[in-house]
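I have a structure here, written as structure tokens, and I will follow up with some questions on it.
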Amino acid sequence: MIKVALFGIGRIGRIHANNITQHTLAQIKYFVDPHSPDIAEFAKSFDATAADTDTVLGDPEIQAIVICSSTDTHADLLLRSSQAGKAIFCEKPIDLDIQRARRCEQAVRDAGVTCMVGFQRRFDPTFESLKKRLDAGEIGIPEMLTITSRDLSPPPLSYVNCSGGIFRDMLIHDFDIFRWIMGAEAETLYATGSCLIVPEYQTAGDMDSAVVTIRSQTGILCQINASRRAEYGYDQRFEVLGSKGMLQAGNHRPTEVIAATAQGISTDCTEPFFLERYRIAYTMELKHFFNALTTGAPVRTTITDAIKAQELSEAAVHSWKEGCVVKIKSSSTT
Amino acid sequence: MIKVALFGIGRIGRIHANNITQHTLAQIKYFVDPHSPDIAEFAKSFDATAADTDTVLGDPEIQAIVICSSTDTHADLLLRSSQAGKAIFCEKPIDLDIQRARRCEQAVRDAGVTCMVGFQRRFDPTFESLKKRLDAGEIGIPEMLTITSRDLSPPPLSYVNCSGGIFRDMLIHDFDIFRWIMGAEAETLYATGSCLIVPEYQTAGDMDSAVVTIRSQTGILCQINASRRAEYGYDQRFEVLGSKGMLQAGNHRPTEVIAATAQGISTDCTEPFFLERYRIAYTMELKHFFNALTTGAPVRTTITDAIKAQELSEAAVHSWKEGCVVKIKSSSTT
Amino acid sequence: MIKVALFGIGRIGRIHANNITQHTLAQIKYFVDPHSPDIAEFAKSFDATAADTDTVLGDPEIQAIVICSSTDTHADLLLRSSQAGKAIFCEKPIDLDIQRARRCEQAVRDAGVTCMVGFQRRFDPTFESLKKRLDAGEIGIPEMLTITSRDLSPPPLSYVNCSGGIFRDMLIHDFDIFRWIMGAEAETLYATGSCLIVPEYQTAGDMDSAVVTIRSQTGILCQINASRRAEYGYDQRFEVLGSKGMLQAGNHRPTEVIAATAQGISTDCTEPFFLERYRIAYTMELKHFFNALTTGAPVRTTITDAIKAQELSEAAVHSWKEGCVVKIKSSSTT
Amino acid sequence: MIKVALFGIGRIGRIHANNITQHTLAQIKYFVDPHSPDIAEFAKSFDATAADTDTVLGDPEIQAIVICSSTDTHADLLLRSSQAGKAIFCEKPIDLDIQRARRCEQAVRDAGVTCMVGFQRRFDPTFESLKKRLDAGEIGIPEMLTITSRDLSPPPLSYVNCSGGIFRDMLIHDFDIFRWIMGAEAETLYATGSCLIVPEYQTAGDMDSAVVTIRSQTGILCQINASRRAEYGYDQRFEVLGSKGMLQAGNHRPTEVIAATAQGISTDCTEPFFLERYRIAYTMELKHFFNALTTGAPVRTTITDAIKAQELSEAAVHSWKEGCVVKIKSSSTT
């Protein structure tokens, strides 16, 4: 039984906590969250204890750290946990400062600890099935990827102010999808966008509607369209064109009811939010993490994957601000 | 060029007239319609002549008769055209009196003329494609057929009063679908129904909602559900379950627009009416008829098919009125 | 915390056991299964104890009994648990002998205990959503119901020999759907069927392909088609035609991948088996049961529902054997 | 009855000829095609005459010219027909040399003749229905457009050598869709692409896979992905995201057959080719043209539309060759 400490009991922290309790492989021993007054009570409901970071990292029984605290705490926890020799599951991003993120990558490497980053989409049953079929050659050689990535409704300005902006907090997932699905690295990237929904985003140096084009060294093409608002629900689709056909990952719906009236034939809206859409994925990614710790198998989403996706986010910001095409230079040590 | 006389310039007669003018194989010489005051002008617009039945049947240049006049004229025209040695295309039904219909069948046989009945659904591209794939063995041996047959809105009481009722005017098409698609003959039939939409139908000895179950000699099962009203459009679907899978014939939509709003994801309603739904089928059935006349190939929908479908209509009426299961005895000379 | 004893740790018993452990309202204290050698170990893995029936029924701490043991034990356990004043969740059927089932119904009523029967389909999110929308008047007054009910592959002959046959073990669920969705009771019923898949079923007095027609006192029509085999997966659909439109409950698929190749555009097969298809429903029905016990609210699927569905199964067997239409007489005391 | 002369009896010329004969408003008097040896016979089958350009333009009875001849003849015929005061329907493009195309635009304007360009997609029932619903405000204010544009199979190298390349012969239609659907003009454009299918295209200075990003002055975003090959059929879709939802234009299929087997649930491939996909559109665009001539209403696709789409093609070529973002400057006199 792997003993775990979980940092941060916000929305995603609570999801992970619940998922971990369903594992037969892992058990939460500590919760850490200095900003949560009810942490002791919360921990107790999981038969765990509230603790501080020093206690957790100093406890030799703790094998794994799950980092769900706020972004600005990630780098420090990653560095300290690595040094303490703990296996790490960390929500994205590593750090909004890419140099600092790279130092974390180096620290993880030096420490030789397992570090998995929370790109949960790679564990979605639909996306995973598509990837397997693509790799099995069902549509031949992949040539083009089109990604649609839309939230139900725009986040508050306060979130945008500290998230790093649409390319860093939202499209980073899509950049990871590109790298994972196409098995390719970007050579050039072009990004642009607009403030069409929340004018205040512009003052904050951000946008709500964004499009990106990536071309790989081998000529693979990828287009991403992203919006902070889709009235019909959370919209997460992509399609791969290959030499022998196309594979599409469609949206999930809450039910399979079809209504036919004089107004048309209609199905449900898509799942409204990423918590519903990726409910299974969140379960599967932690299962994967603890399985990897148990068997020694490598994790699917490494800290290097996180750095490389973040490099594309940085390139997108640059492309958009300068209005130019950016040539990607990875300084990540793959 | 096959010279044709067309009887009856109502709705369906005009559709056939337009379709015939697009053929390279046939040309309308005469129109006959004693009830239509503007028949001469109408005929002229097709470069044809208005005429009476005697003239038409006495003209040796006329090879083919297309009967689109009212149901009560069909039998007489069939008998006289047969005797005159003309090829015949006749809208269903032959005659509401099954005995009279059988005499027409005999007359056609005695005369040795080609006689095709207007079961246009057999020429619908979707239905025809399904039939070909079924016959090619795509889903193995057919076991069950489920037919959904619904009009957009109920006909006026006046129509019901002279149509012979829902089993004779509407389900006769579905009985033909059963025989054609499954390549089977009914052994037992059970029918029931209700007046749920137009209470006046009940006084007229009819119903608006009907269900039928057929079992063939070999154990093939068929269920038909029919309604005079479907608010979402004309609904004509069926599905065949076979030993290796299922083939479904879905509805056609006017366009492929999909709308996604907070209310749901919706497509168009189905085509509203049989004239739109079977527009191509009407073209194809006459093409088939004239091709058959030219090449000498047999026609797909014979007068015997019409009699056999009508026998199922009669059995359905009997089953419903008596509340019993009916054993089918065909007196048709196949 | 409601203390529970669970009888029978076969396939469905294990599902229920796992679901109960996720409840905050209930806790399994005892497992009973004389036929299972590893019952003690199994019970231990749930922090519970293996026990015999007398111990369980004599323990005043036990509030609820969950019956997942073999069909022939249901009636006895129902009678004894009622007398012991326990709340009961019982898998269908009550008993293959309808008279005995009715005695259980009476015993439950006399004892005044809560008794819920495992018609899990009523808790399926798709079916439940459809029912709510129907009741909200979205398609007006319901007129017709069409149910498709097909297993992936036929059960072994040994199962058929003791299950009571297709109408009693399989269509009983569909009869319950009819009653629940349409809010109607059958007046007449007609059933027929064939042995098209497993010829040996015929010798066993059963069939593999069945069709049923039900007409309610108010003229509502229902058709059910059922098969023991559907190569494309477990097929559980139904559609309701109403005065203002139609509501359809479609199948669930494992993923939303769409593949487009020269062979066509395809999605996944349906979920293969009822355990996957109704995974959520199984969770929800027990949640409903324990909620009802906690709040005192009535349960959705009562023993009377079970008796009434079973009466339709008996009528179907009779109709099929006699080749006649059956008039339904309920002796159940609603 | 409008007397028409049609130039060029290749594939598209024959389609237009057949469509014109079905009009009640127009009649072909002359066919012109110096490269077709059987032109006289062909003309005769339409009750028309083969003639040369001088005869046609000198015949005062001729009101309208339909230009379907090879691209290099368009400009000259446009100039001469304008000067002769004829109404003109011209297949795209005007001329591969944009300056020459602009001179044609000026000539048409100076002559004051009606000139319609063959962007048939604007007459496709699905696209037209979407446009009407968008303009009616169904999804609020349009924000983003995603276009998928894929041929079934790549054209021969000989075609690519004289077509002007993928941006000029293929994406010009998509550029027109952008302008028409979004009612917007491009401010910046970025294009890139690859040779992934036919390596020889590269030597010819072309590519087979292309992606384009357009941003309008008002911030509207458009992404186009195009490929010369889609094994599953001709793929022509687009989707508009608006402030209140999304409208998608899906592909058309030959039939509505659905097959469910152990391999999956599948529908037909899309229509294989633009001739089938836009069969109705070709009929409707000429109907629109002759209606406009009869009523004096403006045509929907003007020569200015053609110039503006071509300017985007030129910008795309430039963007791709230089690897930069292009700022659009229209010299067209709107």
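When the chains are written out, they are named A, B, C and D in that same order, and each has its own residue count from 1.
Definition applied: a contact is a pair of C-beta atoms (placed from the backbone, for glycine too) under 8 Å apart; a residue touches a chain by one contact, two chains touch by 3 or more.
All of these numbers come straight from a predicted model, not from anything done at the bench.
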Centroid comparison with subunit B (C-alpha atoms), farthest chain: A
Size of the rotation, in steps of 5 degrees, that lays the CA trace of subunit C over subunit D: 180
Averaged-CA centre spacing for the pair subunit D and subunit C, given as whole angstrom: 58
CA centroid of subunit A to CA centroid of subunit D, Å: 42
Where subunit B touches two or more other chains, by residue: 139, 230-232, 244-246, 259-262, 268
Subunit B - residues contacting subunit C, complex: 139, 141, 143-144, 146, 148, 150, 188, 190, 192-197, 209-211, 213, 215, 219-221, 223, 225, 227, 229-232, 235, 241, 243-246, 323-325
Interfacial residue positions of subunit A with respect to subunit B in the complex: 230-233, 253, 259-270
Residues of subunit B that touch subunit D when the two form their complex: 22, 125-126, 129-130, 133, 138-139, 244-252, 254-262, 268
